[in-house]
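When the chains are written out, they are named A, B, C, D, E and F in that same order, and each has its own residue count from 1.
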Amino acid sequence: MEQGLLQLWASTGLYNFTFGQVAMIVVGGLLIFLAIHKGFEPLLLIPIGFGGILANIPVAAIAGPDGLLGILYQAGIETGVFPLLIFMGVGAMTDFGPLLARPSLMILGAAAQFGIFFTLFGAIAMNLIPGIEFSMADAAAIAIIGGADGPTAIYVGSRLAPDLLGAIAVAAYSYMALVPIIQPPIMKLLTTEEERKTKMTQLRKVSKLERILFPLILLLVTLLLLPSATPLVGMLCFGNLLKESGVVDRLSNTAQNELINIVTIFLGLSVGSKLAADKFLSAETLGILLLGMVAFSIGTAAGLIMGKIMYRITGKSVNPLIGAAGVSAVPMAARVANKIGLQANPQNFLLMHAMGPNVAGVIGSAVAAGVLLAIVG
Amino acid sequence: MEQGLLQLWASTGLYNFTFGQVAMIVVGGLLIFLAIHKGFEPLLLIPIGFGGILANIPVAAIAGPDGLLGILYQAGIETGVFPLLIFMGVGAMTDFGPLLARPSLMILGAAAQFGIFFTLFGAIAMNLIPGIEFSMADAAAIAIIGGADGPTAIYVGSRLAPDLLGAIAVAAYSYMALVPIIQPPIMKLLTTEEERKTKMTQLRKVSKLERILFPLILLLVTLLLLPSATPLVGMLCFGNLLKESGVVDRLSNTAQNELINIVTIFLGLSVGSKLAADKFLSAETLGILLLGMVAFSIGTAAGLIMGKIMYRITGKSVNPLIGAAGVSAVPMAARVANKIGLQANPQNFLLMHAMGPNVAGVIGSAVAAGVLLAIVG
Amino acid sequence: MEQGLLQLWASTGLYNFTFGQVAMIVVGGLLIFLAIHKGFEPLLLIPIGFGGILANIPVAAIAGPDGLLGILYQAGIETGVFPLLIFMGVGAMTDFGPLLARPSLMILGAAAQFGIFFTLFGAIAMNLIPGIEFSMADAAAIAIIGGADGPTAIYVGSRLAPDLLGAIAVAAYSYMALVPIIQPPIMKLLTTEEERKTKMTQLRKVSKLERILFPLILLLVTLLLLPSATPLVGMLCFGNLLKESGVVDRLSNTAQNELINIVTIFLGLSVGSKLAADKFLSAETLGILLLGMVAFSIGTAAGLIMGKIMYRITGKSVNPLIGAAGVSAVPMAARVANKIGLQANPQNFLLMHAMGPNVAGVIGSAVAAGVLLAIVG
Amino acid sequence: MEIEQLLMQSLQLLGLGMGAVFIILVLLIVIISIVSKIVPEEVTPPPGMIQTSVDNNHIVAISAALHQYRKNR
Amino acid sequence: MEIEQLLMQSLQLLGLGMGAVFIILVLLIVIISIVSKIVPEEVTPPPGMIQTSVDNNHIVAISAALHQYRKNR
Amino acid sequence: MEIEQLLMQSLQLLGLGMGAVFIILVLLIVIISIVSKIVPEEVTPPPGMIQTSVDNNHIVAISAALHQYRKNR
């Protein structure tokens, strides 16, 4: 009996906990709190936070190679399958209509990717700080946070720096949730009241054929110039083609509902399994959080500045605010642009105009990911 | 031509059948008959029965390592993934409200687990019978049938005694289906007419915040005291948090509908693949069926006796019948308690009162599973 | 910088393309065009075509062992899991009522399988043409195209001739889509106006019990006589039992909706990954396309001739047109029979009468697949 | 293997295969026919019942609302 | 292992197991009871609210339209 | 690798990366613009059509019935 009691006691959490594990369980709880109470990207942060708690339970080894989270991680993140399937679902949910109605605005989605590459430089520069040591692969994986696109960040992170994946995913989704707080001051700082008041003309109608051709054209351009981006871009295009073809609605509906939901649950838990204490509780994580914020801010600023350039070139027919939506963070960033526009002029509805740069930002960061994977990977 | 005919004849079932395979195909058919005609847990017993038939087809080797059932078994049962995902779905479907409204009734769900541990002792004692030889791991896997919870039984069975899994799963689901036949006589034997007439006061309303906190508290207590139960309890809590958080309804709906349905199909077929003749047609199976019945009965009795104790302690404000619901078998056991209560007093609606102990029984048997895995596993 | 530019340039598609890859990307685009514009089996040909494009992108290796398509292929086609799950979904969608109402018409579904075995002989005979070399396994895999049943063709193809799988699947689905063009001339050639005018008496009602028993009887006959067909037939029966049992609607609905949709997406992409230039752009593919057409035509003719025999035997109570539906291609072939029947006699509704031979053709080709797997596999 | 042998074998397969297909389907016809005579006829026609419930606007409306509710919940 | 040893061990497991089950569930009772006192009561009852929204045709209609819109987008 | 080298390399990546992003997106702008001129305009506006069909009770009723039918089949 005594022996059994001792065996049972030696198997309790109380007996086995390390400080790091306790701290990470608190972090997991904090993510869940932010997700539920503050509405921070709950679809991802609840599974990630819960996965983080499960991964830090002593004895149970749920994140180990034979545990549920470890098995899911191996099957879906290590292989890249989960983020690619999410991207397919995103494609099936995305309406490229606004982008097709006024394609020139895609340039805003290109400019905003400056946040990614600036941050890459910043991450390497952080090596000058003692205690922080980022390889080029680490830096690239961190920089992609500036893409403001969850599945892209997870895909690149899992390929280039799996050890940092937990922190990268948490940073990416947290900042995406924080877009309504991070972007407005930058938007107000960089634009004048007059610029923000700019009204934009209604978008033209886009034909069904243009919508069907777009994913194929996008894939074609990508495979000619940057094949390393085709896993991501390809699945986005595939999902979008399922939707726009109009002949496989049952596949499109499944891709954007049940399938993406199932994969989101698995992906979130798997990513959470990388919130292990020894990897997360380090100076690197602080660096990642800081660099992620920089990446978002610089990306927003670059989009805005390109917006101001277009405002001039087009004879004041483009509201520079929609440049901030170029970072992606769909559709939050477009909503923020709309909101700030309305503050300057209550008749100024920018939402649909901002959706073009917004989805262009998704393409832009997938292309940026392709560059990073081709050269650094 | 002759050679081809011979080759074809030598590949027929008629040529290759063994007696055991024929018998097991009959058993599979019987399970399907009981499921369809008698309504015995058809969601599990149809797939298990059909899997059993497929597994016993000669030549085809559907349950072999390269056959469909074998592949599903390896991927989902050997790893524990399927029962854990089912548990997540169960969590997303479970309303812990009645339990939170009157937490003291959880003690009934604790008492009913006595069936498990008594049966463990009984299984070891059966070794005194010649021809039966149960190891401690076998005994523990059989005992968990007394938990009256399918995924828990399959999870523990697959970990401790995979060879007995077929019989254990069949026994667990059969007895859960038989609850309306097994429990009433025990309930009438152990309670007086006066006790059964006891009305209970309406449950208080439970706030949203309490509902959200509950899965987190449950996980916290489990990880502190019994980490070995956290895979099961954790997924139950995760599913319930998805539901109660109210911010990820699409994930919660998928977890309790499409995902659990898909996994149920796969899990049933996989479990059926363990209905191999040489394992199932043995004295051990008879022992398992007998012990499973004992486990259910003793668990029911223990819950009822604890119910009688609470009846006394609380000044006749608890109807002892709801103690029988403590075995889990959600929601059948709660309905049986309600029915017997109505027989004694047509104004006596016990259903919601019995749901508290009923879901507490799920937690109780997951905890019991944790103890068995920690000490025997 | 120069080095980076060169590295990036050396990683472009433009730099790496081979002629074969370009050609296959065009083929993939053509399949997508046919699927969307002409309505050729879009549920399969859009994923297959898109998978074919992705598989032929240089550098990215999406169809390689670590790429998404390669992983899906290994997990689901190499193992046979995807076509078997599709077959389960088909079973859950199939109404065997018309077949049960007049079982004698099943003989039409048997006769139409002549297309398969004739084509097997034809494929072997093609070896006489220089440059074409089909093994017995190749010939069997090609012949199954005549079964006019997609998942059966993919299952047999993946088992017997994985290298030819891409061409086989493309041929099978293309010809299934072309049924309204291929069949009518053969139907008009082989039947007289008077025969085509034959009206058939209304089908009797089939009881629920007969419907439940049918999948079990079908499985029983198959496992006794041809166990090698039981993976396919078994999953068809399982799906149908889920549907007809009436007690597990949630499983049946999931099997015929979300689950089959998910698997269809994965299966299509995986099959597309076999559209590799070096395998597809060969004399063999031309042979496969030719033989597939032969298989369809001969199968149609054999069904019609058996239809004419039944027309005589039954005293003109069977319209020979429904014999053409015996090739399967559910429900297209039955609709074609109905349409040609209406052309001959505007009051002649053959649809439900043709559904019996039509679903019998599915069983017939699964049985034929079993023979091929047993003797050639 | 030589081509004649292969051709011979494929002819054999033709015979065996068509034989197997006919034997199994004819056996099915026989069994189904027997079963349909043994099985008692139903009083209410079940496929008709389902058909009717589709036309019944009341049920459709309620179930549509429920369906919506479940989806949007 | 001999049978007596096994029986002894299973008796131990009975004690340990039931002990663990009771300790954990009693601890839960205590914590839940404390939490239910700390958590402020809600004014509107949330489970009732959901029930009502089903009957409420307006909300169903709106959500049906939204659902359609999302589907067709 | 030394830090200066890494910094140099990351500056290169900045140039290459932004270059690639701009080239690809500008190329897309060009192609899409050309395509939009080639593609014939549609007579009936498709997104508007969908919007209308939502309001159209008839179609909704029919599709609900179809949906039911498919579910109950």
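Note that contacts are C-beta pairs under 8 Å (C-beta built on N, C-alpha and C of every residue); 3 or more make two chains touch, one makes a residue touch a chain.
A quick note: this is a predicted structure, and the numbers were derived from the prediction, not measured.
Q: Since chain A and chain B are copies that touch, is their contact same (over half of the numbers shared) or different (under half)?
A: different
Q: Report back the single chain whose CA centre is most distant from the CA centre of chain F.
A: Chain centre farthest from chain F's centre: B.
Q: Identify the chain pair with more contacting C-beta pairs: A-F or C-F.
A: Of A-F and C-F, it is A-F that has more C-beta pairs in contact.
Q: Would you kindly tell me how far, in whole Å, the mean C-alpha position of chain C lies from that of chain A?
A: Averaging C-alpha atoms per chain gives centres 41 Å apart.
Q: Between chain C and chain E, tell me the centre distance in angstrom, where each centre is the average of that chain's C-alpha atoms.
A: 47
Q: In whole angstrom, how far does the Cα centroid of chain B sit from the Cα centroid of chain D?
A: Whole-Å distance between the two chain centres: 34.
Q: Using the average of all C-alpha atoms in each chain as its centre, how far is it in Å between chain B and chain E?
A: Those two chain centres are 18 Å apart.
Q: Mind pulling the chain E residues that touch 2 or more other chains?
A: 9, 13, 16, 20, 64, 73
Q: Among the residues of chain B, pick out those that touch two or more other chains and give their numbers.
A: In chain B, residues 4, 8, 225-226, 253, 258, 371, 375 touch at least two other chains, as defined above.
Q: Provide the residue numbers of chain C that touch chain D in the complex, in ascending order.
A: Answer in residue numbers: 97, 100, 103-104, 106-107, 109-110, 113-114, 116-118, 120-121, 123-125, 127-128, 136, 139-140, 205-210, 213-214, 217-218, 221-222, 225-226, 360, 363-364, 367-368, 370-372, 375-376.
Q: Any idea which chain B residues touch chain A in the complex?
A: So the residues of chain B touching chain A come out as 79-81, 84, 88, 212, 216, 219, 223-228, 230-231, 234-235, 237-238, 241-242, 245-248, 250-251, 253-255, 258-259, 371, 374-375.
Q: Considering only the defined contacts, which chain A positions touch chain E in the complex?
A: Residue list for chain A touching chain E: 1, 4-5, 8, 95, 253.
Q: For a test of understanding, state which residues of chain E touch chain B in their complex under the given definition.
A: For chain E paired with chain B, touching residues are 1, 3, 6-7, 9-11, 13-14, 16-18, 20-29, 31-33, 35-36, 39-42, 45-47.
Q: Enumerate the contact residues on chain B facing chain C in the complex.
A: 4, 7-8, 11-14, 16, 25, 29, 32, 35-36, 39, 42-43, 46-47, 50, 53-54, 57-60, 62, 66-68, 71-72, 257-258, 261-262, 264-265, 269
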